[in-house]
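One chain, chain A, links the two complexes that follow: it is found with chain B in the first and with chain C in the second.
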Partner chain A sequence: MDERHYQLREDLAWREFEDRLLVVDSGNGQFHSLTEVGGFIWRQLHEGNNTHSGIVSALLVEFEVEADLARSDADAFLQRLVDVGLVRVE
Partner chain B sequence: MSASLRQQIQTKAALEGRLLTAHMDLTYACNEHCIHCYREIRSDPELTTPETIRVLGELANLGALFLTVSGGEAMMNPGFWEILQAAHDHRFEVLLKTNATLLADASQVERLLRLRVRQVDVSLHGATAATHDHITGLHGSFEHTVRGIGLLVAAKAIHVRVHVSAMQANRNELEHIHRLTASLGVATTNLATHLLPTNAGDTAPCDMGLNPEEFAALPGHRHTPVRMLKQLPCHAGHSLLYISPYGNVTPCVVFPMVVGNVRVQTIEEIWNHSPELVAYRQQHVGQSPTCRSCPFVERCSRCPGQAWTLSRDPAAPVQSTCEEIRRLAALDGVVETSGIVAAEHDATTAME
Partner chain C sequence: MGTSQDLRLELGPLSCSIRPAGLPIPETFVHEAQSFDRPVDLSIHVTHDPAFRGAPLFEPMRVNSDGQSVTIVAPAFHATHNLANSKLAIQISAWEHLKLTLRFFAALTLARRGYLLVHSAGLLRNGRAYLFIGPSGAGKTTLSELSDATGHEVLGTDATIVGFRGGHPIAWGTFFSSEPDRSSPRGAELAGCYFIKQAARAHLVALPAHASVSQLQRNTLLMLDGLGRDLAAEIGGVVLDTCMRISRHVACGELSFNRSPSFWRLVDNG
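On to the complex of A and B.
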């Protein structure tokens, strides 16, 4: 089981915008628009549900999806957050 | 070039009347007394720190993401750091506008960084102490501002933009200012081509400005009229609002049509229900008969706030803008952007 912890950077500005979640990384001027699912995962991380397994469980409760799809979506999105530097892995 | 994601969101917000950007002047107190200042300063009581922090919460709850903090000189507000902390806690993207004279040392810049202030706009009006201090009315201000810029640039993580208001008093130093800011390591230097009438409608500051021929004659400083939105004259009142130190809410800092006051109304009440604001949004500003028939309307950057200030009609043409557009067009059709008129700092990625 993947027990890595994903921590949102504390120096980011973000806000809900319709069904999106906007994130501004002032450090490099980048502006990100997260989809509904991405925004859901972001809020989970913000609220402290920051393990891969915890995120997958939350996705299964919130959305009617297969477990494999939830895992692969969480994998891809969390890795993307790490790649662009919005999230740190601990 | 396609619009960046940031521009797309800002346009969408403006067209739908969604609040995205708030500008708060924390105080009108200022240690400088610029000859071209457009603020209308009264003796009314200014918002207290708890009042300001309450307003920040209301702005965040309504969806505002971008916050501009200015003045006066914002750092003269005794609650400055407490207010920035609240803006940080509400997860705003903060732009600080300052003359930088009160940045005492690197520890204060570090404090700005900890509070997520990553963009700072600094006003600089001369390349020499004599010119800058004459314009600001404060002896020694040039030295302190240049030192403040140096402290901010040294932090590296702060994007520093220097704003220069071009006017007769500094006309011969504009090139030197650009060289000075470049030597200081400033990322962006913007040249404001227009001086504004005061919020009370006094056009005296405008008379200190350059005329289009003088501005166009500056090497590398050709004015590019910019219209941000095709459908609207600007974001004011559509996705942007301004809150004065007295609590008055207006569409923009240079659009002094009071649409509410945060001491007696919530931001939500004002933004969604102010009769003046709702009427303004429905007015299709810029569609006056005069403007519709103008051959230059496509590149006109007419300011509805300036129109309101001068005529109490935000849809009215602004004669000085009309004349400038015609004269610029007569010069050579304008339009190139280079040198001191720099690009917006807006690296953008989408994540979808």
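On to the complex of A and C.
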């Protein structure tokens, strides 16, 4: 079971805009546009719900989605955030 | 020939006072700068130092910040901007290097105040400004030439300042261009932002607001690298806010054009 903690970097500029969440990486100037589900996971991380299981539980409450799909969406999105350097894993 | 007098340079909402020391300002630069007569906050002290050599466009620039000042070190110049008092000290070997230095610090100073220096051609049509935005090679100069030939005034062929005055979006021309003689200091209400590419068939696609924000942010002439995380995050947030505000007030689209002034019809109907 993945119980790592995913921490948003504290030096990112981000705003909610219409149905998106927009992020500018202050380290390299790169821009990221997150969809509704991505923005939801981002806000969960920001509020301290930062484990994989916590994110999956929140997705199941917020969206009408099967557990397997919620897990795979959380897996893919968290890994993407790690890959582009927007979150640290602890 | 040149002048050793202080020179005042106005760039839309940004006004610069340039004090040369040991390096007279060339007449051509005075002519270009004084044609942009408009409020400052950037006090520039330029010192001639022949030790700085090299071609800044092709040599590495290193940007550093301790949160109080921003410094650029390049083979052709050395510049330090005090963020508290907006004083900028530049050491260069030749005036040809000043525009690049000035463009970097103008973009930084403007961004902190909610204005963007956008990589764009700024064109006037019926008294309103339209930005045609894209990286080098996208067609900004071509569109400027097509518009110039049909009697449209060119605000600038390569970089335009955008921001808000009295709640209205405004675009101002700059002389950050390879063809400063074809640029105008005027400011005009901003009516549209179009992200351009050349294609066999001209067409215009409206963009959702978040995509416009993304495109605007990507085409803002501002380097965040090296500024330090706190300063970069502060400026990144202000830039995002400005891009979002522009996308809410101004028509935005992706414009493919085919070297014909017919693109104006698409813009008018868009």
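Quick note on the criterion: the second predicted complex is superposed on the first by the 90 of 90 C-alpha atoms of A that agree within 3 Å, B and C clash if a C-alpha of one lies under 4 Å from a C-alpha of the other, contacts with A are read in each partner's own complex, and residues count from 1 in each chain.
Definition applied: a residue touches a chain if its C-beta (ideal position, glycine included) is under 8 Å from a C-beta of that chain, and two chains touch if they have at least 3 such contacts.
Because the structure is predicted, anything quoted here is derived from the model rather than measured.
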Next on the checklist: After the superposition on A, what does A:38 contact: first (chain B), second (chain C), both or neither?
Outcome noted: first
Of the partners chain B and chain C, which touch A:7 in the superposed model: first, second, both, neither?
neither
Report task. Scan A:80 for contacts with chain B and chain C and give back first, second, both or neither. Result -> first
Could you say whether A:72 touches chain B, chain C, both of them, or neither, answering first, second, both or neither?
-> neither
Chain A positions within both the chain B interface and the chain C interface are 11-15, 17, 22, 24, 26-29, 31, 33
Interface with chain B, chain A side, in the complex: residues 11-17, 22, 24, 26-35, 38, 80, 84
As the complex stands, chain A meets chain C at residues 11-15, 17-20, 22, 24-29, 31, 33
Per the touch rule, the chain B residues reaching chain A in their complex are 4-6, 9, 13, 18, 20, 60, 63-66, 91-94, 116, 118-119, 157, 159, 345-352
The answer for chain C against chain A in the complex is residues 208-211, 213-214, 217-218, 222-225, 227, 229-230, 232-237, 239-241, 244
